[in-house]
Structure formats: structure tokens, C-alpha cells
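Consider the two complexes below, in which chain A is the common component and chain B and chain C are the respective partners.
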Partner chain A sequence: MSTLLRVEHVSKHYTLSGGLLGAERRLDALSDINLSVEAGETLAIVGESGCGKTTLGRCIIQAQPVSDGRVTYHPLGGGDVELTALNKRQLKPWRQDIRMIFQDPMSSLNPNMRVFDIVAEPLRIHKIAKGKALEDKVISTLAKVGIPAEAVGRYPHAFSGGQRQRIGIARALVLDPKLVIADEAVSALDVSIQAQVLNLLEDLKREFGLTYIFISHDLGVVNYIADRVVVMYLGHVVENAPTEMLFERPRHPYSEMLLEALPIADPLRRKGRSTELRGEIPYLGNRPKGCPFHTRCKYAEDRCRAEKPVLRPVAGTAQEAACHFAETLTLKGAYEDNPPQVASAALAGAGGLPGRAGQ
Partner chain B sequence: MTQPILRIEDLSISFSSPDEADIEAVRQVDLTLTPGKTLALVGESGCGKSVTARAVLRLLDANARIPHGRILFQPEGSEPTDIARLKPDSLALRAIRGNQIAMIFQEPMSSLSPVHTIGDQIDEMVLIHERVNRKQARARTVALLDQVGIPGAKERADAYPFELSGGLRQRAMIAMALACTPRLLIADEPTTALDVTTQAQILDLLRQLQADFGMAMLFITHDLGVVAEIADEVAVMYLGDVVEQGNVFDVFRAPQHPYTQALMNSIPKMARKADRVRLNPIKGTVPAPKDRPEGCAFTSRCPHAFGPCASERPARTVVGEGHHARCHLLTRQTEEALA
Partner chain C sequence: MAETSMSTSGAAAARAKRSGRESQMGLMWRRFRQHKLALASLWIVVAFYVVALLAEFLAPTDPSAYSARYTYAPPQGLHFIAQNDDGSWVFGPYVNGYKTEIDPVALRRTFVIDEEKRLPVQFLAPSKPYLLAGVIPMSVKLFGLENPRDPLYILGADRLGRDLLSRLIHGTRISLSIGLAGVTMSLFFGIIIGGFAGYYGGWFDSAVMRVVEFIRSMPTIPLWLGLAAAMPKDWSALQTYFAITLILSLIGWTELARVVRGRFLSLRTEDFVTAARLDGASDWRIITRHMVPSFTSHIIAAATLAIPGMILAETALSFLGLGLQAPIVSWGTLLQDAQNIRTLATAPWLLTPGICVVVIILAMNFFGDGLRDAADPHGR
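Showing the complex of A and B:
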């Protein structure tokens, strides 16, 4: 596997005016983010609201300038393109390769444009196709996501939430991108529709050899779809690990807390945990000194309050964590200890019942 | 067995509109709530779960009607009241609403008054329903805020909603609902707008408060994970019908209605890569209520649909102790077994 995208020491801060007499304040949305995306993988970025996951996505596609650091794209043919060093005009050709799918299918489609034009617009802007070729491309892309050709003349309001999300996906895919950033792409959908869209994203990935950055707060979905997970907290990457390792044995206490908080759809695995989860995310403007998580961490020691841990490989694993005690802590994962086949077999058995009766 | 505190029987709710035919948002709901227990009402958007919850307090919009059905509220030691027959603004209902049945909403920012402090808003609840003076009311408010885990309750009572975080706002909302120690708490997606760690804290809080107060809870959600976490009983709604109700362990272990089964197969399992199964989503989308089949509402998407499904309403069939489902497959099986 080769690296498709590299994010190095990226920081993003906003300046808040302090009013008439107050001093200006700096809000650090991202602090020194380092990560790489391998070609063909699905990398998930998870965290709670305000952790910077969306800002990071926007900094990668250059929808927002970074304050510091570099984002480098490595096209599959070879070469390096430092996206953060390019101006708008120089960026344009690379915008075909890196595309985005947004969370809310209600607000991310222009209500005054027909579906055909929504999907055709990127082709027109990049002057890739016109006339019959453009029409064919748009129709075939929409067919791939399950929107029939006779519906292309309608406006977005005529479609359900799931269909609108499909249109958003078609708009991203029509330029044959290499990297797709999906920002909470299934969060606004009902579970049955969410499952359809997750399957669609998987099929499209296989068919077009895509790489995904999947930004989400839903760890159940992330476990299902991602190969690797980056966990963010208050603008920092606190853990970067292959999915199964993270869910088996997380190496950062915040990852453990997220997994602990995740409700699992099995009443037999109900948790009695009131003491485990503490506090709330601090306001970004007064981030704690030392480790950003120490105010809520049940394992915190004096060192955590004084010294900020850096993201580093955890000895003996393929995981990276920003915790002073990543090697020594035994943190709890999310998988069941007993083999999980039992549960799925019971469900399959139950699912088969009316099927038999129907024959 | 304890006597149920609320029984909803064959309830329907329809909405009129000036230029369209009436829409029957809720067609057939039967629910039973027991004191000290939590019933989770689960379903996808538009299935009528929130409308059902609001109907219990008669908080429906002016164009809503209840064509048939009963909502029988019977606190211990008193006669049952049919809420469906009361006027929404009657004294009888106002004595129940907020006092014996309280409700918490999804988005605390839009359901709390932005121009009153949370202390004043909770005081008001107490003052309306009980004979206490302002000072006593405030003392109760502070105790409540403390009980729901708001740090510095005495000072925070003077805070406006915008000064609190989402989690604290939801706690304040819960404190307000509990102000008059209700017998029944209705929680409409109370954790949907919250982050996972905050959601877990609020679920813990609700569980603990329920144990302290011994109240019944009707918990509306779309999230099966949350259902598994908090419910004793679960009722599944699809397009205005309750299709299945039962003990949470039974329903998750052996769902009987094809819709419940399909819903369970739509969520990713927390499993290792080796045990991963591809999701099996439900075909198509939920039809509009006006296109609902006369029979079982799920017919158009059901993989097992056969003869009578589209035209005949399936009967409520007992499939286990306290476990019911409405599906023709279940009655057909018994017929075949008898034959």
C-alpha cells in the first residue's frame, strides 16, 4: 500500500475578538495533527462534537486554510503535491481527486437545481464533458447510486433523505475521485436507510478503488466500515490504531471512555457504569494544561497535569497513542469476550422462523 | 402483577389539512406501562412515536383529532381517567399534565424558555401544582438540580439556558420534569442531540432517578442501542402501527415481526472483522401514510408478504409471556399446526 495523503503538523486556530477592551483570544481547533491515509483504506476519524474532526476534513480539502503545517497529496502515478502551498487556481485540478460528502442531505443540495444539474455541475466546472458525453456520465453515475434516469429532472425536495444522500454521493463520484471524505454521511439517516447507504459506500469503494476518510461519531458504524481509526479529543489526535485493535484493547483512556459510553444493541450486554464516565468536554478556549484529557481521566497522575503527551507508537503494537501510560494501562475494549457467533446464530434462527412459515 | 398505570388501547390520531385529505399519522397503537418500568417506543422517523407520546399529554397541534381509542391513566389507588376524552385545556387534564405525567423533550435549548433562568422555570412548575411559597419552591428547585447532578446547584439555578452545556441543559430539563414527582415520565428522544459520553451519563441518571422515584417511563427513541441499554419493555412502531411489544430480552433475542427483525439486521453488530456480516437493509423506503396498505403497514417492504397482508389487518397475536406481535405469518402458523 502506498500513502495517498499525508497530514503533517497541521494546526488551525481561530481568533476571537475580545470585545471593546478585552484582549483577543485564540481558539485552537486543531493542534499539531499528524496522520497519513493509505491508498485503498477506509480511515475513520471519530470524536465528540467540538473535537475538530470536521475542521480537519475541511482543512484536508482546503475548504479552510490551515494555520500551520502541511497537507501533501500523493497522486497514484507518483509525485508529491503540497496542497497547503497552492493557490486557488493551482488547487483546482486536484479538487477532482479529493471530494466530499456532507452530513445533511437536506441542506447540502441546492434546492433550485434539478438533480441532473447538481450532478453535472462538477463536470461543467472542470470542463470534463459536455453534450451527450456529459449526459451519459451523469445518468450512469446516478444509476450506480440507485437513482433512476427518469428522476433526474426533479428537484431535491421530491426525494427522501436517503435518496438525497445518494445524490450527494453521485455528485462526489462523478469526477472519478481517488479520495472521498464523508463527513457524518450517514448520521442524519434512519437505521434502515443508513444500512442501505453503508452498503452502497462499500460497493462503490470496491468498484472504483476509492479511499475513504469517514468522519463519524458513531463507533458502531466505524467498527463496521473502517480499517483504521483516528480518535480525536479537543483538537488532538489521541489514538491512531487499526480498527480491531482499538476495539479489542484501546491504548488511550479517552478511547476507552468512548467505547464504554457506546450503547450496544443487546440487552444482555447492558452496562451498569455510572461511575465510569466523568465530566464533560471542556470549552476549547480554556483547554487544560498538560494532557488535554486529564480533567476527565480516571487514571490521571501528576505527570499528566504537567506534561503534555505526544502521539507516539505504543511499544509492541501497531497502535499510536498520546498517553504517558499507553503501555502499562489495561484498558477495556468493546467486543464481547465470548465468541459473538452465539448472538448472531440466535438472531438468524429467529429471522428464519416466519420465512419457513411463508413457504 | 402490578396494575398498569397507563393503557393505550386501539389509539388513532389523524391530522386534517385545508387542501388535502386527512392524514392518519397513528393508526393503531396498543401500549401498556407498568409503574417502576421503562417502556421504549422505537421506530424510524415518521412512524408516529412522538405523536403518540404527545397525545398522552394532549399536546397535539390544533388540527389533530383522536378518532378512536382510549388512553387510560390510572395511578395507584384511583379510578382510571380516559385522557383521550378530556379537553386539552380542561382543569382535569391540567391537574395531570406536569404533575402526574411529565415530559422531557429532545432539544433542551428549544424547549426551555431562553429568557427565564432555569431556577425560575422550575419554581413555576412547583408553584402551579403545589401549595408552597416562593422560598419553599426555590429550596425544592435547588434540591432537584442537585439530585440530577448539576454542580453548584444553588448558583446554577440563576443561570439562563444558554449559559449551560447541552448535558447540563438536559439535566435541568429532567429536574423540571421531576419537580412534582410524577407517576409517569415521558422522555421523547432525550439523548439524541447529545454526545455519546453525555448520553451515557443521562441514561444512567434516568435509570437511577426511576429507581428512586418508582415512576413509570415511556422512552421514545430511534436507537436500538439505547433501547437495549434502558428498557424493560419495548414496543416497535412502523408507519402508525405498533407491530410488536414485549420484554426487551425476548424481543431482542427472538423478534417476531419481520419489521423488528429487519430493523435489527440493519444495525452493524459490535463484532470482530472475522465475524463481520454484511448489513441486510430493508428494501425501499417508508411510504407516506396516505399510501399505507389497508392491511399490514409493512407489506410493501416485507420479504415474507403473502396473500392477506395487503388487505387484512393482522390480529394481535400472543407469542410469549407479555410478548405480542401483529403479523399474518404468526396466525397462519397456528392454523397450519391445528390443521
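Showing the complex of A and C:
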């Protein structure tokens, strides 16, 4: 597999003005993020609200400028394109390759445009097709996501949330992209519709050879769709691991905490398990010294409060973690009280609820 | 919502809803029609503008034609049925003539309606040739007396014996058009300045908003008075007209700039605008194709609500003698005649323009409210 996109030392900070007399304050939304996306994989970015996962997605797609660092795109034909160094005009051709699916299907479609025009808009902007060819492309793309041709003259208000999200997917796919960033693409939908949309994303990935960056807070969904998971906390990547390994044995206490919070439907197995996330996520502008997670970590020692751990490969595994004790701690995975075979059996059923969370 | 709208709207609208092909404007119109008061107000407003447009045709006489014989002649009214002395009935519109009486106390000559004299009114009466709205040559009025020498003062006459109805109709044209022109000019400045401030934000936005706050914190009447007083007295009627429009819109643009800026600001972070940006669309395309269509309805509503303010301001200025000047006829200059109490005691009909002002302002406000509610159903 070749690397499709590389994020190197990306930081993003906002300056908060302190009003008329107050001092300016710096808010670090992302600090020194490094990751790479391999062609054909589905990379999930997970974390609690406010951890910077959406900001990272927006920095990758250049909806926001990065404060520091580089985002480099490697087109399949070869070559390097440093997206962060390009201006608006230079960026335009690459916008065809990297597309985005938005979280809220209610606000991501222009209420004043017919569905046909919404999906045709990218083709018109990039002057890819005209007339009959444009029409064919739009109709066939909408057909792929299950919107019938007779509905293309309607306005978004006439569609349900799931249908709108599929229209949003069609808009992303109409340019034949290589990389699709799905920012909480299913979290605004009902659970049954989530499954439908996730399966659609899987099918489209196979059909078009897509690569996904799947931003989500729902580990159940992530387990279902992702090949690899990046766990973020307070603007840092704390763990980067293949999905199976992360769920089997996380290497960072924060990952363990997230996995513990997964709901289990069986009350007998649930007994004696703490499902709460301990503590509150600290305010970004007031980041703790040392390991950013030490305020909530039950394994924290003096070293954690003084020294900031870096993201490093954990000896003997394919996982990377930013924890001083990644090798020595034995952290509980999700499968211990929730065997994986049950999970896959449930998903094998028609449509299946997304994720193992629901059993 | 679905059920009520289905029952109140026509079959065509229901069909459009079923297939979801109704545009935002279509939806808005359907919501607007459910607001009965607003709908009625719309018709009143339309009627007023039709009067303004067809002023020459509707006004029975020349608004500046005076007659010393009929100063402060009381309203004749328009009658349709009369009974002769012999008991027979006469149908058809007519007005009564006048007779002179001497007030035995004040020894003043006054006009009273002469019930005996009936002057038949003719529809589509021939008249001196004129240009309708300054374009279409015509030589017929909607109505007039069979004998053009007879007095026709349906709403009474003023100090110079001019017909109040004709003056009112011509004044409607000036007063309403000044409202429209002022709002158009305000809209022009408001959209450009507010649009820039809202779309680009930053220091320009802060600067513009401070200027707007400064202008809005000034007391308007003294400001208008000052500006109007600075106008040279030898300007022609047309020049004064435009100068007044400009003065009114100098303050009017601030409100509209705020509305436009607010819409731009809230739309700028809307996902569908980000989506358009990520499609690679240019700023111009984003603004014209994605943002402006989303708030035209709000702008129309805001503009409609701004018109009454303009009309009131013009009326107030002219009433105080600082706005439009005679010979221009506007509601404000007409009300100027009703300024002193003695005139009011002898000729209360000179207050009719005030009734017109109240009616149109109320209608415009209800209409604008209805539009705003229809444009923003969640804002209620």
C-alpha cells in the first residue's frame, strides 16, 4: 500500500482576544499531529468532543489554514503535493481528489437549490461536464446512493435526514475523488439509518477504490468501518493502532477509558464495570503540564505530571501510543467482557446495526 | 403544518408539495397567504401604489388648478341615488352643488352644500390631453362632471380652492415613491457595505459597525432638519426630491446594512457554504449563487418594514416645512395646510392626508411582518 496523505507536525492555534484591556490568549486546538493515510484504508479519528478531531479534518481538507506543519497529498500517479503551501487557485484541481461529507444533513445542503443542482455544482465549478454528460453523471451518481432520477427536481426539504446525507455523499463522490473525509457523517442519523449509510459507504469504497478518513466519536461505528484508528485527546494523537488491536488491547489509558464507556446490553456482564468517563476534559486554553491526560488517568505517576510523552511505536506491536508506560501497563480491551465473535455474528445479519455497541 | 397547509392552499400547491418541487419562495408565499391580515394589507398596499401610478387618470382635476370662488368648500361626497320632489327616483352618480350663506354672527361668507342642485358625474370624462405617468398620452379621466365648469370637490377644497382629492392622489405618488426610492438607495448602500462587512469580517466589519452605531445614536429629527435646512432654496422641485431621498437613506442604510451583515455572518459558517468553498467555488459564485438566494426573502421583508419609516420621515419633514416645498404635492405638504387650529375648525377635511398616512403605514407594517414571519418560520 502506498501512502496517500501525510500529516506532518501540524499545529493549529487560535488567538483569543481578551477584550479591550485583557491580554491575548492562545488556544492550541492541535499540537504537533503526525499521521499518514494509506491508499485504500479507512482511517478513523476518534475522541471526545473538543479533542480537535474536526479541526484536524478541516485542516487536512484546507477549509482552515494550519498554523504550523505540512499536509502532503501523494496522488496515485506519483508526486507530492504540499496542500498547505498552495493558494486558493493552485488548490482548486486537488479539491476534486479530496472531498468532504458533512455531519449535519440539514444544514449541509443549500435549501434554495434543487438536488440536481446541488450535485451538479462541483461539476460545473470544475467545468468537467456540460449538458447531457453533466445530466448523466449527476443522475448516475445519485442512483448509486439510492436517490431515484424522478426525485432530482426536488428541494432538500422534501427529503428525510438519511436521504439528505446520501445526497451529501453523492455531492462528494460526483467528482470521482480519491480521499473522502467524513466528519461525523452518521452521528446525526437514527441508528437504523446509520447502518444503511455505513453500508453504503462501504459499498462505494469497494466500487470506487476510495480511501476514507472517518471522524467519529462513536467507537461502535468505528469498529465496524475502520481499518485503523487514531485516538485524539486535547489536540494530541495519543494512540494510533489497527482497529482489532486497539479493541483487543489498547496501549493508552485514554483508549481504555473510551472502550470502557462502550455500552453493553447484557446486564449480567455489565455488573461491576465503571462505564463513566472519569473527570472532565480540561479547557484547551489551560492545558495541564506533562502528559495531557494525567488529570484523568488512574495510572498516572509523578513522571506523567512532569514529562510529556511523545507518540512512539510500542515495542512488539504495530501500535503507536503516547504513554510512558505503554509497554508495562496491561489495559483492558473491549473484548474482555464482550467477545468479538458475537459482534461479527450480529453484523453479518442483514444490514446489521452498526458497531458492536448494540448487542 | 402539513395538514393545515394542505387544506388552505389550492390543489396545485398541494401537488407541488407532494412532489417536493416547491421552491423556497413558493413555500414562503404559501405561508404568507395563511396570514390573513398581512394578505389584506398586501392588497391595500397594492391599491395605494396603483393610485400612485395612475395619478393623472384618477385625479378628476388638475391638482394646482385653483379657484378663488370656492375657498374651503366642504366635501360634496359622491351620491348614487336621489329622490325627486315628486317622489320619483334618480339613479346614477352625482354631486351636490354649492350655495353661499352669510354667517350672521361672524358675518363671514361660507359655502354650504345645496341639496337641490345635482351635478351628474360622468365616467371616462373627456379632459385636456395629458401624459399618464409622463409617458402615455391620454385625454380622458376616470370621472368628471358633464360640465367641466361646475365645481367638483368630493373631499372638499383648500385655502386656494384646489381639489383635495386630486391633490391627495398626486401626493400619494410623491410620498409613496419617495419611500420606495429611499429604501432602494438604502438597500444599495446597505447591501454593499453590510455585505462586505459580513463576508470578510475583521477590522472592516468592526469599523463599519462602529460607524453604524454612531449614526444610529444621533437623534434623527435634528439631523434631518439640519441637512434639509442646508439645501439651497433655489433648487428645482426634482433636485429637492432627490436631495430629500438621499437624506432619508443616509440613515436608512444603517438598519439594512445590519440585517445584511447579520445574514452574511450567519451564512458564512453554514455547512452548505463551506461545502461550496470546498467545491472550489469563487467568492463571487459563493455570494451570488449560494448566499444571496438564501436571504433575499429576509431582505425583502426588512426593506418592506423600512418603507413606512421613510414615508413618515418625509411627511414629518415636509410638515415642518423643511422637506418638499410647494408646488410639489406630497402628504406632508398637504398636512402643512392643516397646521393651525383655525383652519382645522373651519376645514377639518384637510386632515384626510393624515388618514392616508395612518392606513398605508399600518398596512405596510402588517405586510412586512407577514413577510418576515413567512420568510423565517422558526423565528416566531
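Here, the second predicted complex is superposed on the first by the 324 of 359 C-alpha atoms of A that agree within 3 Å, B and C clash if a C-alpha of one lies under 4 Å from a C-alpha of the other, contacts with A are read in each partner's own complex, and residues count from 1 in each chain.
The rule we apply is simple: contacts are C-beta pairs under 8 Å (C-beta built on N, C-alpha and C of every residue); 3 or more make two chains touch, one makes a residue touch a chain.
These numbers were taken from a predicted model, which means no experiment stands behind them.
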*Thinking of the overlay built on chain A, is A:280 touched by chain B (first), by chain C (second), by both, or by neither?*
first
*Once the shared chain is lined up, is A:82 touching chain B (first), chain C (second), both, or neither of them?*
neither
_Between chain B and chain C, whom does A:155 touch in the aligned arrangement: first, second, both, or neither?_
second
_Residue contacts with chain A in the superposition, chain B compared against chain C_ = B
*Could you look at A:244 and tell me whether it touches chain B, chain C, both or neither (first, second, both, neither)?*
first
*Give one of first, second, both or neither to describe whether A:207 is in contact with chain B, with chain C, with both, or with none.*
neither
*Does the superposition put A:193 against chain B (first), chain C (second), both, or neither?*
first
_Touch test for A:327: chain B only (first), chain C only (second), both, or neither?_
neither
*So which bits of chain A does chain B touch that chain C touches too?*
none
*Contact residues on chain A for chain B in the complex?*
48-49, 160, 162-163, 190-196, 198-199, 202, 217, 219-221, 223-225, 243-244, 247-248, 257-258, 260-271, 273-274, 277, 280-281, 334-336, 339-341, 343-344, 346-347, 349-351, 353-355, 357-358
_Residue ranges of chain A in contact with chain C within the complex_ = 61, 63, 91-92, 95-96, 99-100, 102-104, 107-114, 121-122, 125-126, 151, 153-155, 157-159, 168, 171
*Given the complex with chain A, which residues does chain B contribute to the contact?*
44-45, 165, 167-168, 195-201, 203-204, 208, 222-229, 231, 248-249, 252-256, 258, 261-273, 275-282, 285-286, 303-304, 306, 327, 329-330, 332-333, 336
*What part of chain C is in contact with chain A in the complex they form?*
19-24, 27, 270-272, 274-281, 285, 290, 293-294
